[in-house]
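In the two complexes below, chain A is the common chain; its partner is chain B in one and chain C in the other.
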Partner chain A sequence: MARKSKESKGQPAERGLWSPYWREFGKLDHKCWKDLWIMKPIWVTLKVLWRTTAHRPVTVLYPYEALWEPDNYRGRPGLDFNKCLGCGMCVNMCPCQAIVLVDCPDDGGNTVRRPQINIGRCSFCAYCAEYCPVDAMTVTPDVELAEYTRSDLIWGPRRLAYDKTTEGMKVKLETTLISDFKNGNGERRVEPCRVDHPKLEGKKCISCRKCSKVCPVAAIDMVEHGTNAKGRPILWPEVDDDTCVGCAQCVEACPKDALHIEEVL
Partner chain B sequence: MGYYTSIQDWIAFPDPLANPYYPFGDAYNLPYDISLKLWNIVGGAIAWLIDLLFPGNAVSEWLVCDMTANFFALVIFMLIVFMVVFIAVLVVLWEERKVLGRAMDRRGTMVGMMGFLQCVADGFKTFMKDNIYSKRVDGMTYWWTLSLIIGTSVLIACMVPLSDRWFVVDYECGLLIVMGLFALAPFFILVSGWSQNNKYSLIGGLRAAEMMISYEIPMLIIIATVALQAGTLNINGIVEAQYGTLPYFIPQAVGFVTFFICAIAESERAPFDLAEAESELVEGWQTEYAGMKWGLIMLADYLRGFCACGMIVILFLGGWNLPGVHLTEWESWLPVPELTFLLKGFLVFFIMVIIRCATPRVRTDTILNLGWKVFLPLAILNLVIVVTYKAGGIF
Partner chain C sequence: MMADGSGKEGAGAEPTRAQVDAEQEFDRAIVEGKFDSVDMRKVLDAEGGVMDMDKMWITMGPQHPFSHGLWTLIIQADGEIVTDAIPIVGYLHRGWEKETENRTYPKIIPMADRLCYAASMTYTHLYCMTVEKALDLEIPEKAKYIRIVADEINRLQSHLMWLAAVGTDMGNFTIFLWASREREFWMDMNIRLCGARMTTNYPRIGGVRNDTPDIFDRDIIRCTEHFEKMIWEIIGLIDNSSIYQSRMVGTGIITREQCANLGITGPAARGTGVDFDARRDDPYDNYDKVGFEVPVLTAGDSYARYVVRMEEMLQSCIIIKDAMQKIQALGKNSPYRLKAPSRVPAGRHFGRIEDCRGEAMMYLVSDGTDKPYRLKVRSPIFINVSASKPLVQGCRIADIPVIMAMIDMCLGETDR
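Entry: the complex of A and B
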């Protein structure tokens, strides 16, 4: 800048050792000085070198050394067979449609419905573990899942069992809404799906009891609401909100679309 | 009982200096001694066997005569000198990869012997590769510059003496020969980049030439300064002069730093690897060289890097002498001075690796700025300092 202003005034530019180049060089913040000033990066490099030599580098020799996984590392899904309700929440939530409910015998020999996961389609998003109302579906740190055939990639309910489940693997779905903050309630809602419950549109109900039959937690009671023209009792489902897990199986089972899930959040 | 001579009559372990064809004059040469005795064992055993079959024949006499022994000893001598340099370069390669890895929070090479065998694996790998070359290259320059680059690099690496008894030549102007051969490579790189019919190669070659004019002059001035202070251009003489006074990196600290950076530029290592800037030009002037050609070029690169370290050790760090320990007078056959020299070289190379790790690549204009506006004044300042020493009679 100084040089330009001087030239604009018509004065001859200084030359030699009195030139602006050397004046700026003497200030020690000139470009050339910075070019020479390589001691700082060298010092940083030596520090890293000392640390990695005295201790160890971050690199893990993977097949020979175990990888460290955090508690809720999202590996393959795991399943607690006896805890599972067979509600199908995971099936509905799976973005890859990797989960189907299959019939299989439980420990007592009764046929129950449990999820079966195609690991080849799974994207390890852990939505199933987040939305599982009873924390039967978990994430596991198991990532070595290679198989020789595609059919081996399909994990049945018993194979999904994982015996070292910790509390952190039961991923909880937590939500906080802006409206909650505005109302002064900043606490996180744990398992918000529990808030959504089926509602009945009474006129459509034909009292077929299908909803109460499919409910995995037996939250639906058929309650009498008077009699119809033929004198038979009109039974409407009544949902116990504390027991209901919001799995929407009743909604799917209803032949007349009389039930729908009322979303609170 | 027929004709029989003992094998001990044929293997006598002669004194090399007593051989009339001994090529090194008065100086004792350890690798020549080793190779002469090795040939004495091999040739003597063959001669003894032939003599058992055909007693008193001429071939046996020829195999152990002075001239033959000298010839085969020189062949083995060349092999020994090259193998030592080669293994030193492999160690340097391993050192660079390990140090670079650790400085980047990695592990570096992991194949066998703490990663040392990775060099061997890489050698085999490049050896297995196809010998691909473009038909549109200028054949003569393409092939000749390649062999000249590799050849001169191997030559200078062998010319660097490991001690006063481990040398190939011991001229009065030995320093100038080494540095002259060292400075040849940029010309070959320029021609090679031109011959490859490839824009990246051409840019790489031009950059090598441009870079050379910026670092070569301060470097030669500093060499002249060292020679001035030592009073000789003989490498042995320079090392001895440093033992007599101080290692020259203390009185010539300015010159040492300047020469160090110039030596990095001379061996075209990062941050001065403009000619093969792999992030801008594909592989610079090496782009069209595939397979073992490229492998040999990399080997030559590291030979030059090691050679630059050797020159720094000779010029500034007291060569094969330790402070207070005059290893020039080492009598035993144990290679202590040679190992001292190599260890010093590895130490210098370690600092080179750290600089490579810590600094980004210079630009083409920056290297010109550095060379002409920083290094050249510093080199002349160093010269003035040494002239002051000389005039003041300090050294």
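Entry: the complex of A and C
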């Protein structure tokens, strides 16, 4: 046979565990007509017939009973309305552009921005649940999503609620920093959205306050840094690192490109 | 040629009386057996040459039960024997490579799943590996072993789907049902590992999406042992049956030289004596640290390719068991995912992987932004399908489904 010897690769020869299949059929000189013609397959089929008849039913009777699925099963996305910040991280990460932020009233009557998902476009990749900084977006085992019209496939923020959310449905984004990994401190886990914060280029800032207005967690304070030539105060944004979720909405809102996300590696 | 001038030459001038007499005399000589066999052959060839009905072009596909997907095989048939074949692909072109240029690097991972739904894990693995090369990133040991396990689960379920297709191509629906039944167990393993059955979206740039859950650690070894037992039922249907062996032995023969010239890779090449497997000969992601063997046969017919794939399934079980031991030895706290930078430095990088169907490659041109400048995919099936002419030449029409099934066509990656 054309089997190569493995000694030259530095592997011991007995490491290759040739399976019983190869021993019996790998030489290609197996003369099946010397045994029982087609009696062997018939015998195998009869055994299975007997087994399945004795232990029936062997399949799940689907509409009447459902398959058991583990918690991390990726069905439609679910949303915890009150936990959600409206930061738009899911909108940025969605590869199908199925998510948009819509204005809707919260429990107190204030207008807030929450994600609305077009299930017809969703590819069930669970990026929204993975990158959610507060685990408001989860995966759910709900897969029966057929509707009669396409407009019914657009799920609003309230409809996305899922009542039986467990801890396993919250997809955690735990990464190790490259610097930590190289220093032998590999067991430390960080969330990227908690370590990446916006950084200001002071020269470009025009004190327009747009960043502090769009910040969903109110992490940006406008701090006075002296006055300009006309005697007006120069306001620079200052980011509170503990509340910032790194959603980059301020970066997108900045009219002068003064802010950019600084990545910690 | 008929004496009254019908047929090919009937369109010309009326034959003279002398010509008609000569032909009648010639016909009488044939009937009386005045020619020996060599001359007789010449006579028949000469007569057949003027008739234009001996060869027929038949279009198989794109909507044909033999083509698993949308592609066309135009064959030239001489009676029952196939003399020529032209494969036509391109019905499923979606502009994948162009679309990647508009997406950031992490967003391409779910797209790479859709290259081939039966080999989603290997294609995402390949894409992540290529980007890691561009980032010059060494991923943690645990992530490498988890990727190996995920790849081998993927290889098993892909081969089982191939086996189901071979069963229906040979007219045995039992094989289809039994192989699909075994495949469901590996699908369940996929669900336990990453939450989805087919489009897994599991490897990430810098590692894998999540650590192996406890439920996966418990079930994977049980599933592997169950599969090693249950595959013998399917073997009992095919290898032990002379009906199915006679459909495969000696059909679709291709030589080692043809294999090299056509650029065929994967199990189709290993069935013809090409001893090459990227997992062993160009190891990536710790494949050099797990023990396995590469089955190689020199026969080069359909049955050899079938045996190679069946043996690969059993070798995959060995790899999974070995790699799971290594994962458990590393412990639950070891890192599995690095935080990758979103911008990739400019450069050209190339990755290769042993896909379930052959050798898949990706070529990435990055320009320093967070989106690739160009991403080229080398699909193994696009190259392997070019072998359809030497494969089916000389066989019978009824053998074509079985021969082409041994290539394991997947059109999603072919047309991209």
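To be clear about the criterion, the second predicted complex is superposed on the first by the 201 of 265 C-alpha atoms of A that agree within 3 Å, B and C clash if a C-alpha of one lies under 4 Å from a C-alpha of the other, contacts with A are read in each partner's own complex, and residues count from 1 in each chain.
One rule holds for everything that comes next: a residue touches a chain if its C-beta (ideal position, glycine included) is under 8 Å from a C-beta of that chain, and two chains touch if they have at least 3 such contacts.
Given the structure is predicted, the values throughout are model-derived calculations rather than measurements.
When the two complexes are overlaid on their common chain A, residue A:174 makes contact with chain C while staying clear of chain B. Of the two partner chains placed around the shared chain by superposition, chain B is the only one that A:46 touches, whereas chain C remains out of contact. In the superposition on chain A, the chain among chain B and chain C reaching more residues of chain A is C. Of the two partner chains placed around the shared chain by superposition, neither chain B nor chain C is touched by A:143. Of the two partner chains placed around the shared chain by superposition, neither chain B nor chain C is touched by A:206. Of the two partner chains, chain B is the only one touched by A:57; chain C is not. Look at A:218: by the touch rule set out above, it reaches neither chain B nor chain C. Of the two partner chains placed around the shared chain by superposition, chain C is the only one that A:263 touches, whereas chain B remains out of contact. Residues 32, 35-36, 38, 41, 44-45, 48 of chain A contact both chain B in one complex and chain C in the other. In the complex of the two chains, the chain A residues touching chain C come out as 1-4, 6, 9, 11, 15-19, 21-22, 24-26, 28, 30, 32-33, 35-38, 40-41, 43-45, 48, 69-70, 72-74, 93, 95, 123-127, 130, 139, 171-172, 174-178, 181, 186-187, 189-190, 192, 195, 263-265. Residues 103, 106-108, 110-111, 113, 137, 140, 174, 178, 191-192, 194-196, 199, 201, 206-207, 209-210, 213, 215, 231, 233, 235-237, 239-243, 245, 273, 275, 280, 291-299, 303-304, 307, 310-311, 314-315, 318, 333-339, 341-342 of chain C touch chain A in their complex. Contact residues of chain B toward chain A in the complex are 99, 101-107, 110, 354-355, 357-359, 362, 366, 369-370, 373-374. Against chain B, in their complex, chain A makes its touches with residues 31-32, 35-36, 38, 41-42, 44-46, 48-49, 52-53, 57-59, 61.
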